[in-house]
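You will see chain A twice below: alongside chain B first, and alongside chain C after that.
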Partner chain A sequence: MTYSFELPLLVLLILTAGGAIVVKDLISAVIILGSYSFFLAIVWAWLGAVDVAFVEAVVGAGLATVFFLLTLFGAAPKDTLIRRTPPPIAAVIALPVLGLLLLYAADDLPAFGDLQAPASVHVSPYYLQNSLSDTQTPNVVTAVLMDYRALDTMMETAVIFTAGIACWLILRRRAS
Partner chain B sequence: MTGFHLFVLDILAVMIIIYLYRVVRGPTVYDRVLGLNGISTKAIILLVVIGTVYGRVDMFVDISTGYALLNLVGALAIIKYLEQRGTA
Partner chain C sequence: MIHTGHESIVVRRSAALLIPIMQLFGLYVLFFGQYGPGGGFVGGVMLGASLIAGILIFGPDGQPAAAAKKLLKTDGLGLLIFVGVGGLCLIGGGAFLNYSHMQLPGLDGPTRRYVGIILTQIGVAADIAVAAVSIVFSLYAASSDEVSNG
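Up next is the complex of A and B:
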(Lines of atoms letter the chains of each structure in order from A and count residues from 1; the text may use other names and numbers.)
(Lines give C-alpha, C1' and ligand atoms only; values in the text may rest on other atoms or scores of the structure.)
Protein backbone atom coordinates (compact mmCIF):
# COMPACT_ATOMS: atom_id res chain seq x y z
CA MET A 1 0.00 0.00 0.00
CA THR A 2 1.50 3.30 -1.05
CA TYR A 3 1.43 6.34 1.19
CA SER A 4 -0.84 9.17 0.12
CA PHE A 5 -2.24 12.33 1.63
CA GLU A 6 -5.53 10.64 2.58
CA LEU A 7 -3.85 9.21 5.67
CA PRO A 8 -3.10 12.53 7.48
CA LEU A 9 -6.59 13.73 6.56
CA LEU A 10 -8.09 10.58 8.12
CA VAL A 11 -6.02 11.13 11.28
CA LEU A 12 -7.25 14.74 11.50
CA LEU A 13 -10.87 13.65 11.04
CA ILE A 14 -10.64 10.96 13.74
CA LEU A 15 -8.88 13.34 16.16
CA THR A 16 -11.53 16.06 15.75
CA ALA A 17 -14.43 13.59 15.95
CA GLY A 18 -13.01 12.07 19.14
CA GLY A 19 -12.29 15.51 20.57
CA ALA A 20 -15.86 16.66 20.00
CA ILE A 21 -17.03 13.64 22.01
CA VAL A 22 -14.71 14.03 25.01
CA VAL A 23 -14.94 17.79 25.72
CA LYS A 24 -17.00 18.89 28.71
CA ASP A 25 -19.06 21.83 27.40
CA LEU A 26 -21.14 22.41 24.30
CA ILE A 27 -19.37 25.56 23.08
CA SER A 28 -16.08 23.65 22.79
CA ALA A 29 -17.85 20.82 21.00
CA VAL A 30 -19.29 23.35 18.52
CA ILE A 31 -15.82 24.80 17.86
CA ILE A 32 -14.29 21.36 17.32
CA LEU A 33 -17.16 20.28 15.06
CA GLY A 34 -16.47 23.36 12.94
CA SER A 35 -12.90 22.21 12.38
CA TYR A 36 -14.13 18.64 11.73
CA SER A 37 -16.44 19.94 9.03
CA PHE A 38 -13.61 21.86 7.46
CA PHE A 39 -11.33 18.81 7.32
CA LEU A 40 -14.20 17.01 5.61
CA ALA A 41 -14.24 19.85 3.06
CA ILE A 42 -10.52 19.31 2.46
CA VAL A 43 -11.20 15.60 1.88
CA TRP A 44 -13.80 16.48 -0.78
CA ALA A 45 -11.36 18.93 -2.39
CA TRP A 46 -8.65 16.29 -2.34
CA LEU A 47 -10.99 13.83 -4.13
CA GLY A 48 -11.66 16.47 -6.81
CA ALA A 49 -15.28 17.26 -5.83
CA VAL A 50 -14.73 21.02 -5.66
CA ASP A 51 -18.41 21.99 -5.54
CA VAL A 52 -19.14 19.59 -2.68
CA ALA A 53 -16.10 20.95 -0.84
CA PHE A 54 -17.41 24.48 -1.28
CA VAL A 55 -20.83 23.55 0.10
CA GLU A 56 -19.27 21.68 3.03
CA ALA A 57 -17.01 24.64 3.90
CA VAL A 58 -19.84 27.18 3.63
CA VAL A 59 -22.69 25.20 5.22
CA GLY A 60 -20.88 22.78 7.52
CA ALA A 61 -18.09 24.97 8.85
CA GLY A 62 -19.74 28.38 8.55
CA LEU A 63 -23.52 28.27 8.79
CA ALA A 64 -23.85 25.24 11.07
CA THR A 65 -21.46 26.78 13.61
CA VAL A 66 -23.47 30.00 13.63
CA PHE A 67 -26.77 28.11 13.98
CA PHE A 68 -25.42 25.99 16.84
CA LEU A 69 -24.27 29.17 18.58
CA LEU A 70 -27.63 30.86 18.03
CA THR A 71 -29.22 27.85 19.71
CA LEU A 72 -26.75 28.12 22.60
CA PHE A 73 -27.72 31.79 22.99
CA GLY A 74 -31.17 30.58 24.02
CA ALA A 75 -29.88 27.97 26.49
CA ALA A 76 -29.04 28.66 30.13
CA PRO A 77 -25.27 28.56 30.87
CA LYS A 78 -25.63 25.52 33.15
CA ASP A 79 -27.31 23.59 30.34
CA THR A 80 -24.26 23.94 28.08
CA LEU A 81 -22.20 21.67 30.37
CA ILE A 82 -22.30 18.00 29.47
CA ARG A 83 -22.60 15.36 32.17
CA ARG A 84 -21.40 12.14 30.57
CA THR A 85 -22.44 8.66 31.57
CA PRO A 86 -20.08 5.79 30.66
CA PRO A 87 -21.18 3.98 27.47
CA PRO A 88 -22.92 0.59 27.79
CA ILE A 89 -20.78 -2.53 27.44
CA ALA A 90 -22.73 -3.69 24.38
CA ALA A 91 -21.85 -0.49 22.50
CA VAL A 92 -18.15 -0.77 23.43
CA ILE A 93 -18.08 -4.30 21.98
CA ALA A 94 -20.47 -3.94 19.03
CA LEU A 95 -19.31 -0.64 17.50
CA PRO A 96 -15.65 -1.67 16.86
CA VAL A 97 -16.96 -4.92 15.34
CA LEU A 98 -19.27 -2.88 13.10
CA GLY A 99 -16.34 -0.67 12.09
CA LEU A 100 -14.22 -3.71 11.20
CA LEU A 101 -17.11 -5.14 9.14
CA LEU A 102 -17.43 -1.84 7.24
CA LEU A 103 -13.66 -1.77 6.59
CA TYR A 104 -13.90 -5.38 5.34
CA ALA A 105 -16.77 -4.41 3.03
CA ALA A 106 -14.90 -1.31 1.81
CA ASP A 107 -12.23 -3.63 0.40
CA ASP A 108 -14.71 -4.71 -2.32
CA LEU A 109 -15.50 -1.16 -3.46
CA PRO A 110 -14.13 -0.18 -6.90
CA ALA A 111 -10.95 1.88 -6.86
CA PHE A 112 -11.18 5.68 -7.01
CA GLY A 113 -11.43 6.75 -10.66
CA ASP A 114 -12.00 3.18 -11.91
CA LEU A 115 -13.46 3.37 -15.43
CA GLN A 116 -15.04 -0.08 -15.09
CA ALA A 117 -16.89 0.77 -11.86
CA PRO A 118 -20.68 0.33 -12.04
CA ALA A 119 -21.19 4.07 -11.52
CA SER A 120 -19.02 4.81 -14.57
CA VAL A 121 -20.58 2.31 -16.97
CA HIS A 122 -24.29 2.34 -16.09
CA VAL A 123 -25.86 5.73 -16.91
CA SER A 124 -22.94 8.17 -16.91
CA PRO A 125 -22.00 7.59 -20.59
CA TYR A 126 -25.62 8.25 -21.62
CA TYR A 127 -25.67 11.56 -19.74
CA LEU A 128 -22.29 12.62 -21.13
CA GLN A 129 -23.31 11.83 -24.74
CA ASN A 130 -26.93 12.97 -24.84
CA SER A 131 -27.46 15.66 -22.20
CA LEU A 132 -26.70 18.53 -24.59
CA SER A 133 -29.10 17.37 -27.29
CA ASP A 134 -31.76 16.30 -24.75
CA THR A 135 -31.80 19.38 -22.54
CA GLN A 136 -29.85 22.14 -24.35
CA THR A 137 -27.83 22.67 -21.15
CA PRO A 138 -24.05 22.86 -21.54
CA ASN A 139 -23.31 21.79 -17.93
CA VAL A 140 -23.88 18.05 -17.42
CA VAL A 141 -24.33 18.32 -13.64
CA THR A 142 -26.97 21.01 -14.08
CA ALA A 143 -28.71 18.92 -16.75
CA VAL A 144 -28.86 15.87 -14.45
CA LEU A 145 -30.03 17.86 -11.42
CA MET A 146 -32.53 20.17 -13.08
CA ASP A 147 -33.77 18.03 -15.96
CA TYR A 148 -33.37 14.27 -15.61
CA ARG A 149 -34.00 14.39 -11.86
CA ALA A 150 -36.16 17.51 -11.72
CA LEU A 151 -38.86 15.86 -9.55
CA ASP A 152 -36.21 14.68 -7.07
CA THR A 153 -34.71 18.17 -6.90
CA MET A 154 -38.13 19.71 -6.37
CA MET A 155 -38.79 17.47 -3.35
CA GLU A 156 -35.32 18.30 -1.99
CA THR A 157 -36.23 21.97 -2.28
CA ALA A 158 -39.38 21.25 -0.27
CA VAL A 159 -37.27 19.59 2.45
CA ILE A 160 -34.87 22.55 2.58
CA PHE A 161 -37.81 24.97 2.71
CA THR A 162 -39.28 23.05 5.66
CA ALA A 163 -35.91 23.12 7.47
CA GLY A 164 -35.69 26.87 6.84
CA ILE A 165 -39.15 27.41 8.34
CA ALA A 166 -38.17 25.32 11.41
CA CYS A 167 -34.97 27.37 11.91
CA TRP A 168 -36.93 30.60 11.56
CA LEU A 169 -39.50 29.47 14.16
CA ILE A 170 -36.81 28.47 16.69
CA LEU A 171 -34.81 31.69 16.25
CA ARG A 172 -37.95 33.85 16.34
CA ARG A 173 -38.94 32.42 19.74
CA ARG A 174 -35.54 33.39 21.10
CA ALA A 175 -35.99 37.02 20.03
CA SER A 176 -39.39 37.51 21.66
CA MET B 1 1.87 15.33 -7.90
CA THR B 2 5.52 15.79 -7.05
CA GLY B 3 7.34 14.88 -3.86
CA PHE B 4 7.62 18.57 -3.06
CA HIS B 5 3.83 18.94 -3.02
CA LEU B 6 3.47 15.93 -0.75
CA PHE B 7 6.14 17.33 1.57
CA VAL B 8 4.37 20.69 1.83
CA LEU B 9 1.01 19.02 2.44
CA ASP B 10 2.41 16.80 5.18
CA ILE B 11 4.16 19.71 6.92
CA LEU B 12 0.88 21.64 6.88
CA ALA B 13 -0.98 18.62 8.28
CA VAL B 14 1.53 18.31 11.14
CA MET B 15 1.14 22.03 11.91
CA ILE B 16 -2.64 21.59 11.97
CA ILE B 17 -2.28 18.71 14.43
CA ILE B 18 -0.24 20.99 16.75
CA TYR B 19 -3.05 23.54 16.69
CA LEU B 20 -5.59 20.75 17.14
CA TYR B 21 -3.96 19.73 20.41
CA ARG B 22 -4.67 23.23 21.74
CA VAL B 23 -8.23 23.16 20.42
CA VAL B 24 -9.09 19.81 22.01
CA ARG B 25 -7.14 20.14 25.27
CA GLY B 26 -7.38 23.94 25.67
CA PRO B 27 -8.21 24.82 29.25
CA THR B 28 -10.30 27.88 28.32
CA VAL B 29 -12.63 28.61 25.44
CA TYR B 30 -10.32 31.40 24.23
CA ASP B 31 -7.56 28.84 23.59
CA ARG B 32 -9.99 26.89 21.45
CA VAL B 33 -11.07 29.97 19.46
CA LEU B 34 -7.46 30.97 18.80
CA GLY B 35 -6.59 27.40 17.83
CA LEU B 36 -9.51 27.27 15.43
CA ASN B 37 -8.33 30.50 13.79
CA GLY B 38 -4.82 29.07 13.40
CA ILE B 39 -6.25 25.88 11.91
CA SER B 40 -8.30 27.87 9.42
CA THR B 41 -5.28 29.87 8.19
CA LYS B 42 -3.28 26.65 7.69
CA ALA B 43 -6.25 24.99 6.01
CA ILE B 44 -6.69 27.88 3.57
CA ILE B 45 -3.07 27.42 2.47
CA LEU B 46 -3.68 23.67 2.32
CA LEU B 47 -6.59 24.19 -0.09
CA VAL B 48 -4.48 26.40 -2.38
CA VAL B 49 -1.66 23.83 -2.38
CA ILE B 50 -4.20 21.11 -3.31
CA GLY B 51 -5.29 23.46 -6.12
CA THR B 52 -1.73 23.64 -7.46
CA VAL B 53 -1.51 19.84 -7.28
CA TYR B 54 -4.58 19.54 -9.51
CA GLY B 55 -3.64 22.55 -11.67
CA ARG B 56 -6.96 24.30 -10.95
CA VAL B 57 -5.82 27.05 -8.60
CA ASP B 58 -8.59 29.45 -9.66
CA MET B 59 -11.40 27.25 -8.34
CA PHE B 60 -9.59 26.37 -5.13
CA VAL B 61 -8.79 30.02 -4.45
CA ASP B 62 -12.55 30.66 -4.60
CA ILE B 63 -13.20 27.97 -1.98
CA SER B 64 -10.44 29.21 0.30
CA THR B 65 -11.65 32.81 0.04
CA GLY B 66 -15.20 31.76 0.86
CA TYR B 67 -13.98 29.76 3.81
CA ALA B 68 -11.85 32.64 5.08
CA LEU B 69 -14.87 34.97 5.00
CA LEU B 70 -17.12 32.43 6.73
CA ASN B 71 -14.49 31.67 9.33
CA LEU B 72 -14.51 35.37 10.20
CA VAL B 73 -18.30 35.21 10.61
CA GLY B 74 -18.01 32.09 12.77
CA ALA B 75 -15.32 33.62 14.97
CA LEU B 76 -17.42 36.77 15.41
CA ALA B 77 -20.44 34.63 16.38
CA ILE B 78 -18.38 32.74 18.97
CA ILE B 79 -16.98 35.98 20.41
CA LYS B 80 -20.47 37.49 20.51
CA TYR B 81 -21.72 34.44 22.40
CA LEU B 82 -18.86 34.62 24.91
CA GLU B 83 -19.45 38.36 25.39
CA GLN B 84 -23.13 37.77 26.12
CA ARG B 85 -22.43 34.91 28.51
CA GLY B 86 -19.91 37.02 30.41
CA THR B 87 -17.56 34.28 31.62
CA ALA B 88 -15.57 31.70 29.72
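Up next is the complex of A and C:
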Protein backbone atom coordinates (compact mmCIF):
# COMPACT_ATOMS: atom_id res chain seq x y z
CA MET A 1 0.00 0.00 0.00
CA THR A 2 1.74 3.15 -1.22
CA TYR A 3 -0.61 5.65 0.41
CA SER A 4 -0.60 4.19 3.94
CA PHE A 5 0.56 7.52 5.40
CA GLU A 6 -0.88 10.05 2.95
CA LEU A 7 -4.44 8.74 2.99
CA PRO A 8 -5.09 9.06 6.77
CA LEU A 9 -3.49 12.52 6.68
CA LEU A 10 -5.79 13.60 3.84
CA VAL A 11 -8.83 12.29 5.71
CA LEU A 12 -7.74 14.12 8.89
CA LEU A 13 -7.14 17.36 6.92
CA ILE A 14 -10.60 17.23 5.33
CA LEU A 15 -12.25 16.30 8.64
CA THR A 16 -10.61 19.14 10.58
CA ALA A 17 -11.21 21.69 7.80
CA GLY A 18 -14.88 20.68 7.59
CA GLY A 19 -15.21 20.54 11.37
CA ALA A 20 -13.92 24.09 11.77
CA ILE A 21 -16.69 25.27 9.42
CA VAL A 22 -19.52 23.12 10.80
CA VAL A 23 -18.98 23.56 14.55
CA LYS A 24 -21.30 26.04 16.33
CA ASP A 25 -18.88 27.47 18.90
CA LEU A 26 -16.12 29.80 17.69
CA ILE A 27 -13.64 28.71 20.37
CA SER A 28 -14.01 25.07 19.30
CA ALA A 29 -13.59 26.20 15.68
CA VAL A 30 -10.30 27.92 16.56
CA ILE A 31 -8.98 24.81 18.34
CA ILE A 32 -9.96 22.60 15.37
CA LEU A 33 -8.28 25.07 13.00
CA GLY A 34 -5.10 24.78 15.08
CA SER A 35 -5.14 20.99 14.72
CA TYR A 36 -5.72 21.47 10.97
CA SER A 37 -2.54 23.58 10.82
CA PHE A 38 -0.69 20.86 12.72
CA PHE A 39 -1.76 18.15 10.26
CA LEU A 40 -0.81 20.48 7.40
CA ALA A 41 2.64 20.85 8.99
CA ILE A 42 3.00 17.05 8.97
CA VAL A 43 2.06 17.06 5.26
CA TRP A 44 4.77 19.66 4.52
CA ALA A 45 7.34 17.65 6.47
CA TRP A 46 6.28 14.48 4.63
CA LEU A 47 6.78 16.23 1.28
CA GLY A 48 10.31 17.29 2.34
CA ALA A 49 9.58 21.00 2.93
CA VAL A 50 10.84 20.95 6.53
CA ASP A 51 11.28 24.74 6.77
CA VAL A 52 7.70 25.35 5.66
CA ALA A 53 6.48 22.67 8.08
CA PHE A 54 8.32 24.39 10.93
CA VAL A 55 6.76 27.77 10.11
CA GLU A 56 3.29 26.24 9.72
CA ALA A 57 3.54 24.45 13.08
CA VAL A 58 4.82 27.50 14.96
CA VAL A 59 2.76 30.25 13.29
CA GLY A 60 -0.37 28.43 12.12
CA ALA A 61 -0.88 26.01 14.99
CA GLY A 62 0.71 28.14 17.71
CA LEU A 63 0.71 31.90 17.34
CA ALA A 64 -2.45 32.31 15.20
CA THR A 65 -4.43 30.11 17.60
CA VAL A 66 -3.28 32.25 20.55
CA PHE A 67 -4.30 35.46 18.74
CA PHE A 68 -7.73 34.04 17.84
CA LEU A 69 -8.31 32.81 21.41
CA LEU A 70 -7.28 36.16 22.91
CA THR A 71 -9.74 37.91 20.60
CA LEU A 72 -12.54 35.51 21.58
CA PHE A 73 -11.81 35.78 25.32
CA GLY A 74 -12.19 39.53 24.94
CA ALA A 75 -15.63 39.13 23.34
CA ALA A 76 -18.90 38.50 25.19
CA PRO A 77 -19.87 34.77 25.45
CA LYS A 78 -22.95 35.24 23.28
CA ASP A 79 -20.80 36.61 20.45
CA THR A 80 -18.72 33.43 20.22
CA LEU A 81 -21.75 31.34 19.19
CA ILE A 82 -22.67 31.43 15.51
CA ARG A 83 -26.11 31.06 14.03
CA ARG A 84 -25.54 29.77 10.50
CA THR A 85 -27.87 30.51 7.63
CA PRO A 86 -28.08 27.74 5.01
CA PRO A 87 -25.78 28.43 2.00
CA PRO A 88 -27.34 29.88 -1.18
CA ILE A 89 -28.26 27.37 -3.90
CA ALA A 90 -25.84 28.99 -6.38
CA ALA A 91 -22.91 28.23 -4.05
CA VAL A 92 -24.09 24.63 -3.50
CA ILE A 93 -24.03 24.08 -7.28
CA ALA A 94 -21.01 26.20 -8.22
CA LEU A 95 -18.49 25.05 -5.60
CA PRO A 96 -18.59 21.29 -6.41
CA VAL A 97 -18.29 22.17 -10.12
CA LEU A 98 -15.27 24.36 -9.31
CA GLY A 99 -13.77 21.52 -7.26
CA LEU A 100 -14.22 19.07 -10.14
CA LEU A 101 -12.60 21.58 -12.53
CA LEU A 102 -9.61 21.95 -10.19
CA LEU A 103 -9.28 18.16 -9.88
CA TYR A 104 -9.38 17.94 -13.69
CA ALA A 105 -6.69 20.63 -13.99
CA ALA A 106 -4.54 18.99 -11.30
CA ASP A 107 -3.91 16.17 -13.77
CA ASP A 108 -1.76 18.55 -15.85
CA LEU A 109 0.51 19.56 -12.96
CA PRO A 110 4.05 18.13 -13.12
CA ALA A 111 4.52 14.98 -11.07
CA PHE A 112 5.99 15.28 -7.56
CA GLY A 113 9.80 15.28 -7.75
CA ASP A 114 9.82 15.69 -11.54
CA LEU A 115 13.29 16.93 -12.55
CA GLN A 116 11.97 18.42 -15.81
CA ALA A 117 9.25 20.47 -14.10
CA PRO A 118 9.50 24.24 -14.85
CA ALA A 119 10.26 24.98 -11.20
CA SER A 120 13.33 22.72 -11.14
CA VAL A 121 14.97 23.78 -14.43
CA HIS A 122 15.02 27.58 -14.05
CA VAL A 123 17.18 28.93 -11.20
CA SER A 124 17.05 26.13 -8.63
CA PRO A 125 19.94 24.10 -10.15
CA TYR A 126 22.18 27.17 -9.74
CA TYR A 127 21.14 27.62 -6.10
CA LEU A 128 21.63 23.92 -5.31
CA GLN A 129 25.09 23.81 -6.88
CA ASN A 130 26.53 27.16 -5.83
CA SER A 131 24.86 28.30 -2.60
CA LEU A 132 27.37 26.52 -0.33
CA SER A 133 30.45 27.97 -2.06
CA ASP A 134 28.78 31.38 -2.50
CA THR A 135 27.50 31.92 1.03
CA GLN A 136 28.99 29.14 3.22
CA THR A 137 25.44 28.33 4.32
CA PRO A 138 24.60 24.61 4.17
CA ASN A 139 20.83 25.20 4.30
CA VAL A 140 19.85 26.17 0.74
CA VAL A 141 16.46 27.49 1.86
CA THR A 142 18.10 30.03 4.19
CA ALA A 143 20.64 31.01 1.52
CA VAL A 144 17.87 31.68 -1.03
CA LEU A 145 15.59 33.42 1.48
CA MET A 146 18.14 35.68 3.16
CA ASP A 147 20.74 36.22 0.40
CA TYR A 148 19.62 35.61 -3.19
CA ARG A 149 16.07 36.81 -2.46
CA ALA A 150 16.95 39.18 0.39
CA LEU A 151 14.90 42.05 -1.06
CA ASP A 152 11.71 39.94 -0.94
CA THR A 153 12.41 39.01 2.66
CA MET A 154 13.08 42.66 3.51
CA MET A 155 9.67 43.62 2.14
CA GLU A 156 8.02 40.82 4.14
CA THR A 157 9.75 42.19 7.23
CA ALA A 158 8.41 45.64 6.32
CA VAL A 159 4.87 44.18 6.17
CA ILE A 160 5.26 42.70 9.67
CA PHE A 161 6.74 45.97 10.90
CA THR A 162 3.65 47.75 9.54
CA ALA A 163 1.41 45.36 11.50
CA GLY A 164 3.40 46.04 14.65
CA ILE A 165 3.36 49.81 14.21
CA ALA A 166 -0.43 49.75 13.58
CA CYS A 167 -0.94 47.99 16.94
CA TRP A 168 1.38 50.51 18.56
CA LEU A 169 -0.82 53.32 17.19
CA ILE A 170 -3.93 51.68 18.71
CA LEU A 171 -2.14 51.46 22.07
CA ARG A 172 -1.03 55.09 21.86
CA ARG A 173 -4.56 56.29 21.18
CA ARG A 174 -5.88 54.42 24.21
CA ALA A 175 -3.16 55.74 26.49
CA SER A 176 -3.93 59.39 25.68
CA MET B 1 -10.69 36.36 32.85
CA ILE B 2 -7.46 37.12 31.01
CA HIS B 3 -6.78 40.38 32.82
CA THR B 4 -5.51 38.85 36.02
CA GLY B 5 -3.23 36.11 34.74
CA HIS B 6 -3.42 32.55 35.98
CA GLU B 7 -3.89 31.85 39.73
CA SER B 8 -2.61 28.26 39.85
CA ILE B 9 0.80 27.92 41.50
CA VAL B 10 1.55 24.93 39.24
CA VAL B 11 1.11 27.02 36.10
CA ARG B 12 3.12 29.94 37.49
CA ARG B 13 6.06 27.86 38.72
CA SER B 14 6.27 25.73 35.56
CA ALA B 15 6.02 28.87 33.42
CA ALA B 16 8.93 30.41 35.33
CA LEU B 17 10.92 27.29 34.47
CA LEU B 18 9.73 26.89 30.87
CA ILE B 19 9.92 30.46 29.57
CA PRO B 20 13.75 30.71 29.74
CA ILE B 21 14.00 27.33 28.01
CA MET B 22 11.63 28.60 25.29
CA GLN B 23 13.80 31.66 24.79
CA LEU B 24 16.96 29.55 24.64
CA PHE B 25 15.35 27.24 22.09
CA GLY B 26 14.17 30.26 20.07
CA LEU B 27 17.74 31.58 19.93
CA TYR B 28 18.99 28.12 18.97
CA VAL B 29 16.45 27.89 16.13
CA LEU B 30 17.36 31.41 15.01
CA PHE B 31 21.07 30.64 14.65
CA PHE B 32 20.60 27.03 13.51
CA GLY B 33 18.71 28.33 10.46
CA GLN B 34 22.02 28.37 8.57
CA TYR B 35 22.37 24.60 8.93
CA GLY B 36 18.86 23.17 9.09
CA PRO B 37 15.19 24.08 9.34
CA GLY B 38 14.63 27.28 11.30
CA GLY B 39 15.83 30.82 10.85
CA GLY B 40 14.72 34.35 11.54
CA PHE B 41 10.98 33.87 11.06
CA VAL B 42 10.53 30.81 13.29
CA GLY B 43 13.11 31.95 15.85
CA GLY B 44 11.43 35.36 16.09
CA VAL B 45 8.00 33.81 16.55
CA MET B 46 9.39 31.56 19.32
CA LEU B 47 11.01 34.47 21.14
CA GLY B 48 7.76 36.42 20.80
CA ALA B 49 5.75 33.42 22.01
CA SER B 50 7.86 33.14 25.15
CA LEU B 51 7.12 36.80 25.93
CA ILE B 52 3.42 36.25 25.17
CA ALA B 53 3.36 33.25 27.53
CA GLY B 54 4.75 35.49 30.27
CA ILE B 55 2.06 38.10 29.58
CA LEU B 56 -0.75 35.53 29.54
CA ILE B 57 0.28 33.65 32.69
CA PHE B 58 1.44 36.52 34.92
CA GLY B 59 -1.19 38.97 33.66
CA PRO B 60 -0.81 42.29 31.82
CA ASP B 61 0.32 44.02 35.02
CA GLY B 62 2.91 41.41 35.96
CA GLN B 63 6.64 41.76 35.74
CA PRO B 64 7.10 39.90 32.37
CA ALA B 65 4.48 42.18 30.81
CA ALA B 66 6.32 45.26 32.08
CA ALA B 67 9.54 44.00 30.48
CA ALA B 68 7.69 43.24 27.22
CA LYS B 69 6.15 46.73 27.26
CA LYS B 70 9.62 48.24 27.42
CA LEU B 71 10.55 46.04 24.47
CA LEU B 72 7.72 47.57 22.43
CA LYS B 73 9.74 50.79 22.21
CA THR B 74 12.27 48.94 20.03
CA ASP B 75 9.65 48.42 17.31
CA GLY B 76 11.36 48.99 13.98
CA LEU B 77 14.83 48.09 15.23
CA GLY B 78 14.68 44.76 13.38
CA LEU B 79 13.79 46.39 10.07
CA LEU B 80 16.50 48.99 10.73
CA ILE B 81 19.09 46.21 11.13
CA PHE B 82 17.93 44.60 7.87
CA VAL B 83 17.92 47.84 5.86
CA GLY B 84 21.13 48.95 7.59
CA VAL B 85 22.95 45.84 6.39
CA GLY B 86 21.68 46.64 2.89
CA GLY B 87 22.91 50.22 3.29
CA LEU B 88 26.36 49.01 4.40
CA CYS B 89 26.55 47.02 1.16
CA LEU B 90 25.68 50.20 -0.79
CA ILE B 91 28.43 52.10 1.06
CA GLY B 92 30.85 49.28 0.24
CA GLY B 93 30.27 49.86 -3.45
CA GLY B 94 27.94 46.97 -4.28
CA ALA B 95 24.23 46.53 -4.93
CA PHE B 96 21.68 46.89 -2.13
CA LEU B 97 21.77 43.76 0.09
CA ASN B 98 24.73 42.25 -1.80
CA TYR B 99 26.48 41.15 1.40
CA SER B 100 29.84 40.39 -0.25
CA HIS B 101 30.40 44.16 -0.58
CA MET B 102 30.09 44.80 3.17
CA GLN B 103 33.44 46.21 4.22
CA LEU B 104 34.46 43.69 6.87
CA PRO B 105 38.26 43.54 7.08
CA GLY B 106 39.84 40.11 7.02
CA LEU B 107 36.87 38.26 5.55
CA ASP B 108 36.46 37.01 1.99
CA GLY B 109 33.25 37.24 -0.06
CA PRO B 110 31.47 34.02 1.01
CA THR B 111 32.21 34.65 4.70
CA ARG B 112 30.85 38.19 4.38
CA ARG B 113 27.65 36.78 2.89
CA TYR B 114 27.51 34.29 5.79
CA VAL B 115 27.78 37.17 8.29
CA GLY B 116 25.21 39.16 6.30
CA ILE B 117 22.74 36.28 6.50
CA ILE B 118 23.21 36.04 10.30
CA LEU B 119 22.69 39.80 10.76
CA THR B 120 19.55 39.92 8.62
CA GLN B 121 18.16 36.84 10.40
CA ILE B 122 18.59 38.66 13.72
CA GLY B 123 16.80 41.67 12.20
CA VAL B 124 13.85 39.56 11.01
CA ALA B 125 13.61 37.80 14.40
CA ALA B 126 13.63 41.07 16.37
CA ASP B 127 10.99 42.57 14.06
CA ILE B 128 8.64 39.57 14.33
CA ALA B 129 9.00 39.12 18.09
CA VAL B 130 8.14 42.78 18.78
CA ALA B 131 5.24 42.74 16.29
CA ALA B 132 3.73 39.62 17.91
CA VAL B 133 3.97 41.15 21.40
CA SER B 134 2.42 44.43 20.25
CA ILE B 135 -0.49 42.56 18.64
CA VAL B 136 -1.15 40.82 21.98
CA PHE B 137 -1.05 44.12 23.89
CA SER B 138 -3.48 45.75 21.47
CA LEU B 139 -5.84 42.75 21.82
CA TYR B 140 -5.73 43.29 25.60
CA ALA B 141 -6.46 46.99 25.08
CA ALA B 142 -9.42 46.17 22.81
CA SER B 143 -10.91 43.66 25.26
CA SER B 144 -10.55 46.03 28.23
CA ASP B 145 -12.47 48.53 26.09
CA GLU B 146 -15.34 46.00 25.87
CA VAL B 147 -15.31 45.48 29.64
CA SER B 148 -15.33 49.19 30.54
CA ASN B 149 -18.10 49.95 28.03
CA GLY B 150 -20.30 47.25 29.56
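By our rule, the second predicted complex is superposed on the first by the 151 of 176 C-alpha atoms of A that agree within 3 Å, B and C clash if a C-alpha of one lies under 4 Å from a C-alpha of the other, contacts with A are read in each partner's own complex, and residues count from 1 in each chain.
To be clear about the criterion, a contact is a pair of C-beta atoms (placed from the backbone, for glycine too) under 8 Å apart; a residue touches a chain by one contact, two chains touch by 3 or more.
Here the structure is a predicted model, which is why all the values come from computation and not from measurement.
Of the two partner chains placed around the shared chain by superposition, chain B is the only one that A:Phe38 touches, whereas chain C remains out of contact.
After overlaying the two complexes on the shared chain, residue contacts for A:Pro110 are found with neither chain B nor chain C. Contacts of A:Ala53 after superposition: both chain B and chain C are touched.
In the superposition on chain A, contact of A:Asn139 is made with chain C only, not with chain B.
In the superposition on chain A, contact of A:Leu15 is made with chain B only, not with chain C.
Contact with chain C, but none with chain B, is seen for A:Ala158 once the two complexes are overlaid on the shared chain. Once the two complexes are overlaid on the shared chain, A:Gly62 sits against chain B and chain C alike.
When both complexes are overlaid on chain A, the residue A:Phe73 reaches chain B and chain C alike. Residue overlap on chain A between its contacts with chain B in one complex and with chain C in the other: 50, 53-54, 58, 62-63, 66, 70, 73. Put simply, chain A touches chain C in their complex at residues 50-51, 53-55, 58-59, 62-63, 66-67, 70-71, 73-76, 133-139, 141-143, 145-147, 150-151, 153-154, 157-158, 160-161, 163-165, 167-168, 170-171, 174. Residue ranges on chain C touching chain A, taken from their complex, read 1-2, 29, 33-42, 45-46, 48-49, 52, 56, 72, 75-76, 78-79, 82-83, 86, 96-97, 99, 110-111, 113-114, 116-117, 120-121, 123-124, 127-128, 130-132, 134-143, 145-146. Those residues of chain A lying in contact with chain B across their complex are 5, 8-9, 11-12, 15-16, 19, 22-23, 25, 27-28, 30-32, 34-35, 38-39, 41-42, 45-46, 48, 50, 53-54, 57-58, 61-63, 65-66, 69-70, 72-73, 77. Residue ranges of chain B in contact with chain A, taken from their complex: 6, 9-10, 13-14, 16-17, 20, 23-24, 26, 29, 32-33, 36, 39-40, 43, 46-47, 50, 54, 56, 59-60, 62-63, 66-67, 70-71, 73-74, 77-78, 80-82, 84-85, 87.
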